[in-house]
Amino acid sequence: MEAEDRPFPFDIMTRQYTRRDVLKGALVAGAGASLAPLLAACGSSNSPSSTSSSSGPKQGGSLRIGIVGGSANERLDGQLATTEPEIAITFQLYDALLGWDENYKLTNLLAEEVTPNADATVWTVKLRQGVVFHNGAPMTADDVVYSYKRIIDPKNPKMGATQLAALKSSGIKKIDANTVQFTLDSPNSVFDEAMAVYGNTIVPVGFDPKAPVGTGPFKLTSFSPGQQIVFAANTEYWGEKPHVDKLTIIEFADPTARVNALLGGQVDAISDLPSSQVKVVQAQTMKVLDAHTGAWQPFTMRIDVKPFSDVRVRQAFRLLVDRKAMISQAYGGYGWVGNDMYAPFDPGTPTNLPAREQDLEQAKSLLKAAGYDNDLTVTLTTSDAVGGSAVAAAQVFAQQAKGAGVTVKVNKVDPSIFYGNQYLSWPFAQDFWYTRNYLAQTAQGTLPTAPFNETHWKNAEWLKIVQQAFKTGDKAARDQLVGQAQTIEQDQGGLIVWAFNDQTDAYSGKLGGVVPDKGGVPLSSFHFNKFYFV
Amino acid sequence: MPPLLKLILRRLGLGVLTLFLVSVVVFGATQALPGDPARAILGKQAADKAMYNALRAQLHLDRPLYQQYGIWLKGIVTGNLGTSTASGVSVVSLIKQRVANSALLVVFAAIISIPLSILIGALAALWRDSVFDLTTSVGSLALASLPEFVIGMLLVFFFATTVVHIMPSVSRIDPSISVWGQLNLLILPVLTLVLAVAPYISRILRASMIEVLESDYVQMARLKGMPEPTVMSRHALPNAVIPAIQVSALQLAWLAGGVVVVEYLFNYPGIGSAFIDAVNNRDLPVVQAIALLIAAVYVIANLTADIITILVSPRLRTGLR
Amino acid sequence: MSVISQDTQELIPGADELLPEPQPGGAHRRREWVDIIAGSLKFGRTRVGLVIVVAIVLLALIGPFVAPHSPFATGIAPDYSGPSAKAWLGTDGIGHDVFSRVLCGGRTVIGLSIAATVVAMILGVALGLLAGYSRPAVDDVIMRLLDVLLAFPSIVFVLLLVALLGHSLWLIVLAVAVTHAPRIARVARGATLEIVGRDFVRASEALGVPRRTILMGEILPNITSPLLVEFGLRLTYSIGLIAALSFLGFGMQPPAADWGLMINENRAAMLVQPYAVFVPVFLIALLTIGTNLMTDGVSRALIGIDRDTGAK
């Protein structure tokens, strides 16, 4: 069949491409002496390391990743990244000034040195030298200033703008070609964490999202929104250069399809492996990447409506949960117990508080004191949109609550309703969060200015402590304040943080460089430049 | 004007009228019922008065209902199906590829099921009361009872998961590879559709064939010494096939709706699964467009079946009302 | 004109064209459908169908009372474990006992289907009688409007309504009933037209008997036979449609135990826990085959002589 005879009306490649693609895939899988000439012909810049048995990382190859599906209106602008595909794209094309390593510790990316002043209102950032954008232009302070002004632009604020609320356009200054200074309206001792948000990408002056240019380890080759994105290695990358030449990220809305693609060899790794499929995947000699993260799916109780306005009811509800059983039933065991405190990796989070276990008797007596004697009925609103196991956890909670005479009606609603205009008004619901440290999380979820305060948390004493913590530059002192704030929330808050879920992904045995990442972003936080074929 | 032509034109006219009424129902079901589409679309952001009013104006919600309908209808006729609220792209661009994908399923299903059913029905009639006849009869009855998703799941059970593992259980098409290289992904969905419609066609053909074989015309041909194969091919089959043609056209119509559940089950990227997604996302423009499309196919297929009937059925041609 | 276009979903040869010769006088005729049902039981297939349906209905009705565990209890055994002493068919994704959920999962499917079919029959018969026994103009208008409804495949129409009004059970029952009503109305109308022309009806009219009395007393009893077949067919399709709606996520919601919902909930894990998916699949399949077998038996009895085999 000639190229002109393409079956109407499919958008297909010519037959030659198909054959070449298959050959490349087959060769990468099989390895062997003939790798070199064919790869050279296909434009690879590295010659393969050896033809002997798989010991070290091989250079070259085409990496294919299957991730959770997005939609047709995906964007290539990292500063707007919200869905999983968009986040994956962001990690390939761009860098922020700082980042998080796999142990959830801050690490320098495009910044070389970050220095706050005494009261954490002025932050001076010295930039890394020799970084170039994909178009060859060097990254300078002008680009950083442009990028941050773009993020906080009041006419078109980007994803990271809320966390940068204390930063105004006039506070972003270029000191010299390699130094930028941020002056904040109010002190923020953890401003460096804000700079580490993956969405605060550094882009060149005059950035056009339709032809995206960044400093990231991969360059964009092609983009089919909602379906797949193709990248080529950035051989001038300042960091760990990609081991593979080509990267294709394919989107799968359906988890079964995603798993089948891995098992069938159409992709080399997938994100978000459902716990039910772990055994299936392992039976076929694939590997499961299980990362203990700080991601959490709390039950949220609004403290400003009945019955949760009574703190005794909130405390009782926290005692209803048999946490280990819920992890085992809802997460298939892929999670670790939470003690009603978020930010598990924050050094200020207290570790000496007694572990909260299910105590139905105590719960019953608290409820009775609050006026409910085996007659409390609540509606728990949930949705698949909260995450794969949220509905399961809700059902388990309903079962466990029965033991204390509490009737929980599980109301599963569509995603568009759950996150529609009633979101944040549900008296009793669930939600999902990724790993953050304490202060960063309060800015998102519990401060009066937080955009997502599901529990409508308000506490004057707590607020004073947290505001003080934001001003405190000294780490030890800040940790102490964080500990105090955590303790108040743990005692009186409206969140039931019963567990932190593992991030489970799966990958083929042919891949190396895949490490678990505590931050909760799948597949080693999408650091595909670190992956290689063995 | 010859009465035959008049009859056909009348039927066509009624078809157009039905299509028009269908469009009213689709519009009514999605836009005329109580509920504020603008609020549903904006969700949390509906609190922003400027955005809310802008969206209302954009969706023409400030105009009287009949005007909204007129605007919508005009859009449909000129090829503008609106903008998807879930993804922000034009509905046409969203469903173009999917319409093609679903058409592929339907065409394959039709190409396989129609000849297959005619063959089975003819043989069953020819070998009446044989084991073949009884088996296919019971089999047809069983298949005709089953909902399509059950047929699909049974196929998955037998061929993809539990009994043997030779088929993929999900049919996600890779857009960068030619569909002809992925035909194995289509086997189960097409087979499901075939098994869903084949029983009806083969039953009709069998009944009609039996009637024809017992007719005077055929008996006469046999008495005249005509060899059996010639009897079958020249007299029996052509006459028996007529009702089967009607049924086939109607089954094609049914397939337009049958793809909805089958595509969802196999995760096949066609208009059926797009419809389910759109309903889940309350993406009303897409829901309207696909519902209208499927209904239009249904009406046109019915129309075709009727016109074929008129043309080939001498009784109706002469006995016109 | 609408007589030409027959929907072939239920093209049982000539069901609506063959009526037993109607007799004047109402009470006498009411026994006819009893005769037909009795006659249908002479066929092997009807008996097989009856056994299947009764078995499954009993399972669905009694199941909840004999289930070893509550269908909502989680953690009976580890997630996705195989058959064991505690959970005879193993557990699903949150440790529910699959066997108990299977026993409890039939009630909603069967109950909702029967409700939808009954409502559909009432609507359809009323409309069909009206169309058949009114002026041609009224008849045309009614049938034209019903044709419009027939232009939508059932599932598309139901989902169209769900898209706007959300999914609630009464809406689904009503929507399914509305999709079936036109087809029932067509059969009822055809049967009515047959009767209306008969002498005894004309005689009653001439005597000045009110139309409503004629409708209820003389026409309705005479059309019950083909309507029996319609009821059986509609019930079969209602079961399929309602199970499909739960399968798609628009019917019963978690944590309800419902066969259609179970099939979808557990699909992702069917390699690991096949029972939770395929036992409901087989049960729904058997149920619909059973109802259709019975319907086929009744329709054969109606035709009188079994045209296909030449035997009675």
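Every chain is named by a letter (A, B and C) in the order it is written, and numbering of its residues begins at 1.
Rule of thumb we're sticking to: a residue touches a chain if its C-beta (ideal position, glycine included) is under 8 Å from a C-beta of that chain, and two chains touch if they have at least 3 such contacts.
Everything numeric in this text was worked out from a predicted model, so none of it was measured.
Chemist: Given the two chain pairs A-C and B-C, which is bridged by the higher number of C-beta pairs in contact?
Modeler: Result of the comparison of A-C and B-C: B-C.
Chemist: Taking each chain's centre as the average of its Cα atoms, which is closest to the average over all protein Cα atoms shown?
Modeler: Chain closest to the assembly's C-alpha mean: B.
Chemist: Which integer distance in Å separates the CA centroid of chain A from that of chain B?
Modeler: 43
Chemist: Just how far, in Å, is the C-alpha centre of chain C from the one of chain A?
Modeler: 49
Chemist: I'd like the Å distance between the centres of chain B and chain C, where a centre is the mean of that chain's Cα atoms.
Modeler: For chain B versus chain C, the centre distance works out to 22 Å.
Chemist: If a residue has to touch 2 or more other chains to count, which residues of chain C qualify?
Modeler: Chain C, residues with two or more chain partners: 271.
Chemist: Which chain A residues reach two or more other chains?
Modeler: Only 256, 414 qualify.
Chemist: Which residue numbers or ranges of chain B touch two or more of the other chains?
Modeler: Within chain B, the residues that touch at least two other chains are 169, 280, 282.
Chemist: If we count contacts the way the header does, which residues on chain C are in touch with chain A in the complex?
Modeler: By the definition above, chain C touches chain A via 72-75, 78-80, 93-95, 166, 253-255, 267-269, 271-273.
Chemist: Inside the complex, what are the residues of chain A that reach chain C?
Modeler: 255-256, 274-277, 279-280, 325, 328-330, 332-333, 391-392, 395-396, 398-399, 410, 412, 414, 417
Chemist: Provide the residue numbers of chain B that touch chain A in the complex, in ascending order.
Modeler: Answer in residue numbers: 39-40, 42-44, 46-47, 84, 86-89, 94, 96-97, 100, 168-170, 172, 174-181, 267, 280-282.
Chemist: Name, in rising order, each residue of chain C that touches chain B in their complex.
Modeler: Of all residues in chain C, those touching chain B are 1, 4-5, 7-9, 11, 13, 45, 144-145, 147-149, 151-156, 159-165, 236-237, 239-241, 243-244, 247-250, 263, 270-271, 274, 277-278, 281, 284-285, 288-289, 291-293, 296, 307-309.
Chemist: Within the complex, which stretch of chain A touches chain B?
Modeler: Within the complex, chain A contacts chain B at residues 6-13, 15, 18, 21, 71-73, 224, 226-228, 250, 252-254, 256-257, 260-261, 264, 266, 414-416, 419-421, 423-424.
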